[in-house]
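We call the chains A, B, C and D, going by the order they appear; numbering starts again at 1 in every chain.
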Amino acid sequence: MHFFLENIWVIPLAPLIGFLINGLGCFLRLPYVKSRKFVHFVACTAIFVAFVFAVGVFFDLLGMDPAHRSFTKTLYPWISIGSLEANVAFLADPLSAVMMLIITGVGFLIHVYSIGYMHEDPGFARFFTYLNLFCFAMLLLVMGDNIFMLFIGWEGVGLCSYLLIGFWYEHKPNAVAGMKAFIVNRIGDFAFLIGLFLLFWFLYQQGHPTVAFSGIQENVHLLEGAKVGGISLLALVGILLFIGATGKSAQIPLYVWLPDAMAGPTPVSALIHAATMVTAGIYMIGRLNFVYSLAPEALVVVATVGALTALFAATIGFAQNDIKKVLAYSTVSQLGYMFLGMGTGAYTAGIFHLMTHAFFKACLFLGSGSVILGMHHEQDMRRMGGLKKYMPVTYMTFLLATIAIAGIFPFAGFFSKDEILWKTFESGGHQYWYYVLWGMGVLGAMGTAFYMFRAVAMTFFGKLGERAHEIAPNEVEEDEHGPHQHEHHTPHESPKSMTFALVVLAILSVVGGLVGIPYALGHFFHIPNFFEEWLAPVFAGAHGEGHGAHHDVPVIEYMLMVFSVAIALATSALAVYIYTKRKDLPARFVTRFPRLHRLVHEKYYVDEIYQVLVVNNLLRINQLLALFDQKVVDGFVNFAGTVVRFSSKVAGFTDNRWVDGFVNLVGNSISFAGASLRKAQTGLVQNYLYIAVAGVIALMIWRLL
Amino acid sequence: MEILNNQDSLWYFLPESVLILTFVVILLFDLPENWSKNRLLAPIVATIGTVLFLALSFYTQQFPEAITFHGMIINDAFTDFFRLFAGLTALITIFLSLKSKEVAQVRAEYWALLVGITLGIPMLAASNNLLMIYLALELISILSYILVGYLHNTKTSSEAAVKYVLYGATASGVMIYGLSLIFGVTGTLNAIEIRQFLISNPAEQLALFIGLLMTLAGFGYKISMVPFHMWAPDVYQGAPTPVTAFLSVGPKAAGFAILLRFIYTALTQDQGGVYVPLKYIDISTLMAVFALATMTLGNFVALQQTNIKRFLAYSSIAHAGYMLMAAAALNTEALRGVIFYMISYLIMNMGAFAVAIAVINDSGSEELSAFKGLGNRGRKGALAAVAMTLFMVSLTGLPPTVGFVGKFYLFSAVIEAKIYWLAVLGVLNSVVSLYYYAKIIKYMYFEEAKEQKPFALTGFSFPSLIVGLAAATVFFGIFWNALSYLTEISAHLLM
Amino acid sequence: MMTPMQDLAFAALSGIVIAAGCLIAFSRNLVYSAFALLGAFVGVAGYFVLLGADFVAVIQLLVYIGGIMVLYLFAVLMTSGIGDVTLTNRSIATKASAPLCIVLIILLGKLIYTTEWYVAAEPTEIAPTTAAIGNALLTEYLLPFELASVLLLGTLVGTVALARRGVKVIKKS
Amino acid sequence: MIQMQHFLMMSAVIFVLGIYTVVTRKNVLGILLGTELVLNAAALNIVIFGFYGNQTIESSIYALFVIVLAAAEAAVALAVGLTLYQNFKTIDTTETRELKG
């Protein structure tokens, strides 16, 4: 009947098989991985099969009654302990179908792109292995029908991200960036786990120990009114889960890892750190919308953090010269918009922006990769310029994606971003705070248009290398391969496999928004908002999804639309003007406000603040421990040697104070205890027996007391 | 509940009889000079005997559960499981012994002693009588002393054996003293009758608690429970490596079997899957304290080790701590959990020891540094490193390995019993263990090897054993229904 | 229950046992300690007789004095050399161990005097137990009996295996 | 009048003296003497409880097994002690300490 739904397990299985074939080859050094053709054939076929099945699932769902578009395929009863049951089961509903299409579709394009991009890399096979593993984990995350599977996918994608950021691990900063991502994400995951545990625990107390989403949805109302330490339980759960999401989706305050994550290969930045993995937090909120809808306090937090991040990251984008850094902060900013949408209760809008963002941001990243390759591993935009001439395809696609992200009608970004802003504004009617958030969103949108067109102007307009003199001699150049000797080469266009992906993604960024034309525009031509109707069953009952409110469109909605398009156009034009005609202006600005520029350029010193506030304090505790070690435990001479050796080993391994702070603290306390206990193992059997007898006597006395 | 006489019990005793026969037959091989020259004869006979033992225990499994030999031992599903467990452990150990260079020159009695200890494991697990408990425990212990000291002309082996004997003799002495106190209070040696006595005479008796503590010294020494663990690192390090592998799995599991059977049968009352401790003996808290101390000590000290066998010894102490949680939780889930954990521990620990033996064979060194750069030493090196990584991940208890599932069952049993603090501290302990297990992984992939020559892991059978165990680690980590079913039927005590 | 004669015997045996035990625990000469073990065994065998376990008493004498003591003396001589007159038997950690043992004996004393032991109403008739033990070993205690034989066989072979090589090594040196 | 408790007390004294010997002696054989005392105390305890308590033959049999196993254990211990002596030329435990930590 529904062939693709029944066989939905093929979707995650295909990349898994690809991973296994290439991974085994890599690990065991089998001869077939030396053939690049074989490796990318396996990897690309795997993800393509998954894509075909995802499309099939989509059409199968389309053929079902809209109200019951949900299908659970239980593969295998996984855990059953007492009354708790968790299955390996895949959930196909409109939300997961959208995510599957994005992951497999964009994933496939990026696989194809990587054939060209990674062509010369010795770690070719390893790269495709990780890429397939990532797709598998990500699909598990979005397809699982219960929290366990979501969490396993969540950790799996984190692992792949870590592996891929440090892909060129021989180069130290890359390894450090990987480690940083790992640790920052652990902080988020810790909160996430506590949130999941609390949710599960209270459901268990209510007699419904379930981890399946459907089960939670049915029973979550029982928790309404429950309090933990004076705070509404659901709000607490929502906020804790959201902290997990801030780690994975790079929001304030845990966004710091994402810009550094650009150390990975560019296709990875496009796939993991722009299109898919970083949206896991948004997906999670969308999936658990029934929890959030019962916890308005949590929603306010989500919206506020989202809006703040959107604005904050956009301003950092003004002053970056590394093309990938600009895009990284842009990603952080756009993710902020998605959270703003989710936090407003406009889940559809958030997911919609997730989708369009996947198109245009993947296109931008791949475009930047094409530029980097064309410029022979050059990432500094000040060395670029005038590339329009040399790389026409890259230029056109990059420009289209930029227009899309700037939110200019009728490109994809316009529809999604505008819907978020409108819903935020509309919510302001209930709660004035949302007007403030809306303001921040609009400012952020202006910023987006400005820095994106700045990037376009610096990269593609003007003449090649005309800004090279702005680079201070002491600035160390680094690209993803490490320190880089600059040589002059003529830029060239990238191979077909790369431009193919660019073109497809550019087309999607242009037309992708048309699936979700807002009612305000669509009702003139009787075009329904397909995307909203499609997702309606998932978010049914969620507040803020104003059903029926469409029948009278307030004039103000049109006004806002015109307003936002106007300012987007204006700032875009301004940016192009400044960076092509009045090249002296930015320099004058810098001389006029050196501190402000420096502040923005140095990303508001957030890393440094973290260093001082968190890491140094941890180090201080560490030093206290060391002091204790010196003064109090003078007798344990051998032990001190052990600790020093241990910490130097750890330091040698990580060599990053961020990491050292945590690892040394924990490691030292444990090895302190371990070494003390080890002293008791004297090698004398009499002493062993003495301790045994003393233990028995101690317990006897404990009993008698 | 039927108590069978000797004649009727003999059918139940068929599998063990085969082991006794094998034991005697192998001993005969040492008599004619030319027989013992064929190195493979004795291990082959031992293997055949063990396989036959396994086959027969599948046969006797179909018999109705019964108390046999005038109440001496109990043949229930729990016993059947430990027959299976002992047989599998013995088979893997025989294989490892054949592959290890350390015990290449052994004579027939080595295999006979292995079979003898294997006989002791199900006997101990089945014991219902205090006399049988002592006898089976000593059967395992005394034969182990000899095996540990088998490398007579190495210093470490003889030192380990001496420490083992002295510790073991004293611990078992303390244990019988404790058992005699229990006998003095209850007037019976039969565990089931002890429970019946305690139910009908609920007055508090100091001797009972102290007798129990002293008994725990004997059980605790077998399972290396803190504070009776201290012999373990020294003995594990000094013994021949295959013997270490065997001791850390087989006799340890037997110790757990009798500990659980004794606690569940004699000291608690079954109330629909929850075993309520008999009044005034707070066995649950006591065992929880033991469990916590054991896992914490094992994990903390393992961090400091540089010798692979010592490292695995502390790791095995830590795992004993996790398994002890089942003795604290006191419910059917805990029994299931610990049985599952034992299987997973069998797979992953034997796997880790198999790789360790391969590394010791290759380098001649027992230092952890021998693992450095293993992943980059040819195809065989990569294979060993991947397998070892899986075992380490599994020992840490991370998905998708069987170790994770085992931990999951155990921890959920503890939560079911509402001992939350133990569950939380147990999970934290697992986090600590990540540090030292990851150290091996780091050594294998991120450090330079001393010698760059390809890793010597010759032949077909040894690599396939390692691969098989690694595959089982992952396979049962994903599809554990079969194991789950096995544990479900095995977690049944006749009482 | 006990006759005055038996009380006297108990006192005498206790004297022997305590003296022997103290020699074992505190003597600095290993030979004295080893011979004192003999005294302790004899004393305990005497207790067995008083407690109506005649067969156990005989076995105690046979196995311990006939077997173990001889082994011990061999071991003492082999490991120290016959010519060596100062067979030291030093102690360590006595200061830490003494309090431990004092606490232990106090605890055991408290336990012994406060516990309600399982005591039969009727005093036992002291009668020969050998026949009953023989019967029990072949009926109710058949399994332990057989298992012990396996254990002893294993011990025998194992001990020989260890010692056999030992003899070789000594010959070489 | 001698009572059960007196016997038990004597057994406890033997037990504690054995423990003391075990935890203080340097010499392997010295420690072994202590374990023999511990085992004998346990056997004595069982016979006492059998005599005053349940009055069946099982206590005697238990004591028999304890004696027999103690003998087996002593034999193994002495054999192992000899191998130690051959390797280290001493049986002083403070001087045979390769394994520790």
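Remarks
The rule is short, and it goes like this: contacts are C-beta pairs under 8 Å (C-beta built on N, C-alpha and C of every residue); 3 or more make two chains touch, one makes a residue touch a chain.
Source: prediction; values computed, not measured.
A summary of chain positions shows that the Cα centroid lying nearest the centre of all protein Cα atoms is that of chain B. Between subunit C and subunit D the centroid-to-centroid distance comes to 6 Å (mean Cα coordinates, whole Å).
Subunit B and subunit D have CA centres that are 26 Å apart.
One finds 67 Å separating the Cα centroids of subunit A and subunit D. Centres computed as Cα averages put subunit B at a distance of 31 Å from subunit C. Along subunit C, residues 92-93, 97, 100, 104, 107-108, 110, 112, 117-118, 141, 144, 148, 151, 155, 158-159, 162, 165-166, 169 each make contact with two or more other chains.
Residue positions of subunit A touching 2 or more other chains: 678, 681, 683-687, 689-690, 693-694, 700, 704.
Shared contact sites, meaning residues of subunit D that touch two or more other chains, fall at 15, 18-19, 22-26, 31-32, 34, 43, 48-49, 53-54, 58-59, 61, 65, 69-70, 72, 76, 80-81, 83, 86, 93-94, 97-101.
Taken as a graph of touching chains, this assembly is fully connected, with contact between every pair of chains.
On the subunit A side of its complex with subunit D, the touching residues are 678, 681-687, 689-690, 693. Taken in their complex, subunit D has these residues touching subunit C: 1-10, 12-21, 23-27, 29-30, 32-34, 36-37, 40, 43-44, 47-55, 57-61, 63-65, 67-72, 74-76, 78-83, 85-86, 91-92, 94. Across the complex, subunit D meets subunit B through its residues 15, 18-19, 22, 28, 31-32, 34-35, 38-39, 41-43, 45-46, 48-49, 53-54, 58-59, 61-62, 65-66, 69-70, 72-73, 76-77, 80-81, 83-84, 86-88, 93, 96-101. Subunit A makes touch with subunit C in their complex at residues 684, 686-687, 690, 693-694, 697, 700-701, 704. Against subunit C, the residues of subunit B that register as touching in their complex are 6, 9, 13, 20, 23-24, 27, 30, 69-70, 72-73, 107, 109, 112-113, 116, 119, 123, 131-132, 135-136, 138-139, 142-143, 145-146, 149-150, 152-153, 181, 184-187, 197, 203, 205-208, 210.
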